[in-house]
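Structures given as structure tokens follow.
One chain, subunit A, links the two complexes that follow: it is found with subunit B in the first and with subunit C in the second.
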Partner chain A sequence: MDMEVFDSDFKVPGKEKKKSYEVDAESLSQAQVERLMSVDVDHIRGIFGVDAPVASLLLRYMNWNKERLIEKYMDDPTAINVDAGISAADEEPKVSRAASTTGPTRTTRSGKLSKVKSPSPKRDEPFVCPICFDDTQTETLALSCTHTFCASCWNAYVTGKIREEGEHWIRCMAEGCSLVAPDPFIQQALGDDTATWSRFQELLVRHFVSCNKNLKFCPYPNCTYTVSCPAAATKSSLSTIVPTVTCGAGPDHKFCFGCSVESDHRPVVCAVASMWLKKCHDDSETANWIKSNTKECTKCQSTIEKNGGCNHMTCKKCKHEFCWVCMGPWTEHGTAWYSCNRYDEKASQDARDSQSKSRASLERYLHYYNRWANHEQSAKLSMDLYKKTEQKMEEMQITSELTWIEVQFMKKAVDEVFKCRMTLKWTYAMAYYLERGNPKELFEDNQRDLEKAVEDLSELLEQAIEPAEIATLRQKVTDKTVYVQKRNEIMLEDTANGFLEGRWTWNATVEGFE
Partner chain B sequence: MDARLRRVNKEIADCKNDKSSKIELELVDDSPFHLKGSFPGPEETPYEGGHFEVDIRIPDSYPFQPLKMKFITKVYHPNISSASGAICLDILKDAWSPVLTLKSTLISLQSLLCSPEPNDPQDAEVAKHYMTSRSSFESTARYWTHIYAGGPDPNSGDGGKGRSGQKDEVAMAGLEKAHVDQFEAIGFERGKVIDVLRRLNYRGANVAKITEDRVVEELLKP
Partner chain C sequence: MAGIASRRLAKELKEIHTQGCPVGIQLLSADNFEEWHLSLEVMGDSQYQGEVFALKFRFEPQYPISAPAVQFMVTDKYKSPVHPHVYSNGHICASILGTEWSPVLSVIGVCVTLQSMLASCKKKERPPDNDRYVRHAPDNPKQTRFHYHDDTV
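Here is the complex of A and B:
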């Protein structure tokens, strides 16, 4: 084992070295992304001599690809102005700032009604909005096409597009008219509805982010932060790193920059994680039985229900102690013989005929799936159990001398167990696809050590808490937590280094590895 | 008054007053937001002489969202589902504009009957039929108009040979009686033969391309 890895765990103040399982990423607020957008808008504005709303429409039309936009614009400005909804097909594009075609034209009943194309009312007749048929509306709006409608119809239309359809590309309401409403027009149509206006701006930001490979919007509901992670922008980068990033707005705002399989599937890379999930999905029928929460004691056959995260089970009836995962006696798990995590490949090697081969391959899969699913389930159960413990700790805080700070060690331990079980879960997906050999064995050594440490801590957390022994328990739990943390670091660090070094080889074709 | 209700009421009134377009609207369960529209099949098309009914639902955000329409009358047309009456028409989706009305949309449906768009089909089998043999397609569409839309009997001209009043399943499927008889004679059930030949598009120039074995193979499938 690399001792330097160990050393880095004793956090030296001031020496914040990036770990190899971490990735450089930056969180950007909506305002910061808007500044990036306005840099592009200003750039285009300067080159073409158009105003900002026109430049913005052009960029949005070209999915913010500046180079392609400049190329197309130089080639045929009229065509692109028509395509981007800036001017109508028969109209000459007006590019000078003074003669902007996109400024909203707000008119009143006595105003520019003669510009309305159809149906064209006479000057002295009141304006009848062709959408709501209301002749009492005095305020009207039109884009440069002069298709005039009342302000309240524009408001309802624009609001619906933004709120219900999440649309930022909003066309004129007239049939067949392809003019697109520029930002100042949208703002005017929305009037004092600032909530919808900010939703519109968020949609613009989201569109910009979706067009930029270096950026991703935080998927957390209602979060408006963006993460910039150029290191993970290319597909090929995803075979050497697992880009788990966060926008920093909260502990739940963590996600994988490379995929949407799971927010944090370290240590395994995106391609393997998604292969594994696909396999689990395809084989869900055969594996269903494992998910059940009850099993039978291997000795007395009485039903045993799992209600905590710990896998060390004791049959209530016959007191037989066994491992929930492999159903083997627990006594072996406490020793150096522990090998619950390793699949014995002998069975599949011995298989000769196709039937026993397919049974062996199913058994092999179930070995990994069983442990994968179990860590997920145990992680959830340990959270449930903690809620009960928390209650007890609160009571103790009232009845004993302990302070709030002093009872926090349990919370910290449970959080660590949860985190490590997630790591363990994904190590089983990885081990399933790892080619047999020395690197896999070392991988499984790390896995075993982490698993053993997590199970020990898990067991400690499920013990009955006695106020008199709280100090001892606290010491034990704290020590174990530190150790577990270390084992997790080693697991993540070593696997990540393996990806960077190209150490891992697979027993199946994995995208990005050739 | 609610803007949507005002607009819908005015549209219904306008439609009542306008006798020239032959578009009719009536309320379903007394709600102005659930209507039944109808219009005559356009002249010089296989739909001529038929009376076509359309179910219309007016969404809450009308007219900013498109009307929801589907044919109640069964229609044989590439852009209309022969089973459900669902319609594939751009203005009922992305190309909707709030200035469109009940009347103008129904007129668009009427003109859709004049000019099918087989490249953007709603009913793939009907579209294939349309592409393979226009005349066969038209006679099937005419037959459907007669059976479902009260159109004239296409066979009444040939000395009353047609079995009017009774549905001819072979004509409904747009197939040749001789082809159906041929496979029925081998020993397959008539309904199944019609179903398979329709799915294979056993019509016009296609007949030469599909071997008898291929048809039998399909017929043998459970």
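Here is the complex of A and C:
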């Protein structure tokens, strides 16, 4: 517990003033989420007068929607108790074949769990578990439906459900019985298997988090932290902010609260980012192939692939005859097979013009796509750059007076370049969809300035190191890093402000912007 | 925990030997506690008059906590029944073999359920996605996540 308190202190740093491209978010540990859950459970317990495990089952059944639960419960408490697996469908406990020899049983009052019994009531014959048929088992368990099985079968069953299936909604083992095991029963069935019990607790927390729009689980593998970001809980909020959040457990624990497209797709909003990715996924390869392998018929604009034969083309569709090389009509070639020397003829020039018009939209897309992909690729290569930089940093220590701390400027520069390339990458996705006009021009000015600064800095980092020039290099890199940082800030800030002001208009229909 | 499957299967086997199988069901082989074969015939008036099928049961050590892998055998001697919930490779789309499995069910219990599933069939046809499924089906039907179709057939 102490650790946890320390952790949460550590995780919420006193933030200075918030930038417009940042959102308010809070990181919660598992214990903190459990506390939120118990507040809800206590609330329901107080209203309905049931005990905590029952309240928990009811809430879980209703996906933690308290209002709906209260409404339904007021309407028909019996029905919801049956649906939530708390009591059996008919009030008279039926004698099932699984517990056929059981004597008088207590009647099941809805909303009240009968205590788990162990061992089972005295009987004349030894109890034979209907699952394992082991008659040496002395310990048995049953839910209030009195379907009795031995403790080790229950243990295996509950363990399997939790471990293999990741299930927190564990029904009675009897066929067709819809009673659900409440928490104390599960704890008892698991015995001293605390690992599975804590896995169960985690499943409950995950379920609670998935039901709550304000909460999201940190997607980092094995991370147990939850981020609360009420600002991004509604769909409409996602058209004005880009909720990049972190649970604070590490530099990689960063994710987008609004979508799962990419952990940080600032400055562009979720809807545009996912539209772009979908387009690239569908189109980029095809578009590239079309660009390099086909031409359009100059008359009907059908896309044609030339897969062999001579340059005398006849369009399959409109029967237009033209030359593959100069794109001019074939009639002007006469009999000049294979040798096209008429590149500058007026007719062929016109044909190429119309060709290039139809290529324009493809070209436009590829322009953005190639830049987008280039920044992604460069960012990916930053791992190599890291290694190279580290080498350089060592080199510098040897060849100059600088200490390890003093050569950190290189590493910092690499970090900054990586960050900015991610920003740049997404600015291309955004620019592709931006409607032409002044706002777009300003956007692209910012983009250009950032790109230029990043490329300059990148170049500096790649340079070979002359011992005599280390001092100047250091000065240059440090200055450039600060400048790049500044440009990135401007890019992010201005775009975020644009979203808040509703300044951006799109050349396509974007979800949430109608 | 060791031996739960074998103890349980031994008990089921003993019951089959002492009490016999329900009519239409016969034990073909049960030489170990990993794989059993049973034959299945639909008695009385049905679409499957005169046809005999064979079922293959495969058990994991966690049986009966985990469901057995059950499928119709497709061999020279046996065919997969033509039924809207049975694929031509013998795989069966039945909820009691998946999400609705209960450890209380037994081998004979499964056979009886499948017998009545065949008996109530009104029209002999393959599942609509048969070809697609069979082409990519895993060897063990338990690895398939079936969407259970309607229960009316």
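Before moving on, here are some points about what is shown:
The rule we apply is simple: the second predicted complex is superposed on the first by the 378 of 514 C-alpha atoms of A that agree within 3 Å, B and C clash if a C-alpha of one lies under 4 Å from a C-alpha of the other, contacts with A are read in each partner's own complex, and residues count from 1 in each chain.
Convention: a residue touches a chain if its C-beta (ideal position, glycine included) is under 8 Å from a C-beta of that chain, and two chains touch if they have at least 3 such contacts.
Computed from a predicted structure; not experimentally measured.
After superposition on subunit A, the partners subunit B and subunit C collide with one another.
With both structures placed on the common chain, the touch criterion links A:437 to neither subunit B nor subunit C.
By the touch criterion defined above, A:130 reaches both subunit B and subunit C. Of the two partner chains placed by superposition, A:49 touches none, neither subunit B nor subunit C.
In the superposition on chain A, A:230 makes contact with neither subunit B nor subunit C. Overlaid on A, the two complexes show subunit B and subunit C touching the same residues of subunit A, namely 130-134, 149, 152-153, 156-157, 160, 164, 173-177. Note for the complex: subunit A touches subunit C at residues 98, 130-134, 149, 152-153, 156-157, 160, 164, 173-177. Put simply, subunit A touches subunit B in their complex at residues 130-134, 149, 152-153, 156-157, 160-161, 164, 173-177.
Listed in rising order, the residues of subunit B touching subunit A in the complex are 3, 6-7, 10, 61, 63-65, 91, 95, 97-100.
Contact residues of subunit C toward subunit A in the complex are 1, 4, 7-8, 11, 62, 64-66, 102-105.
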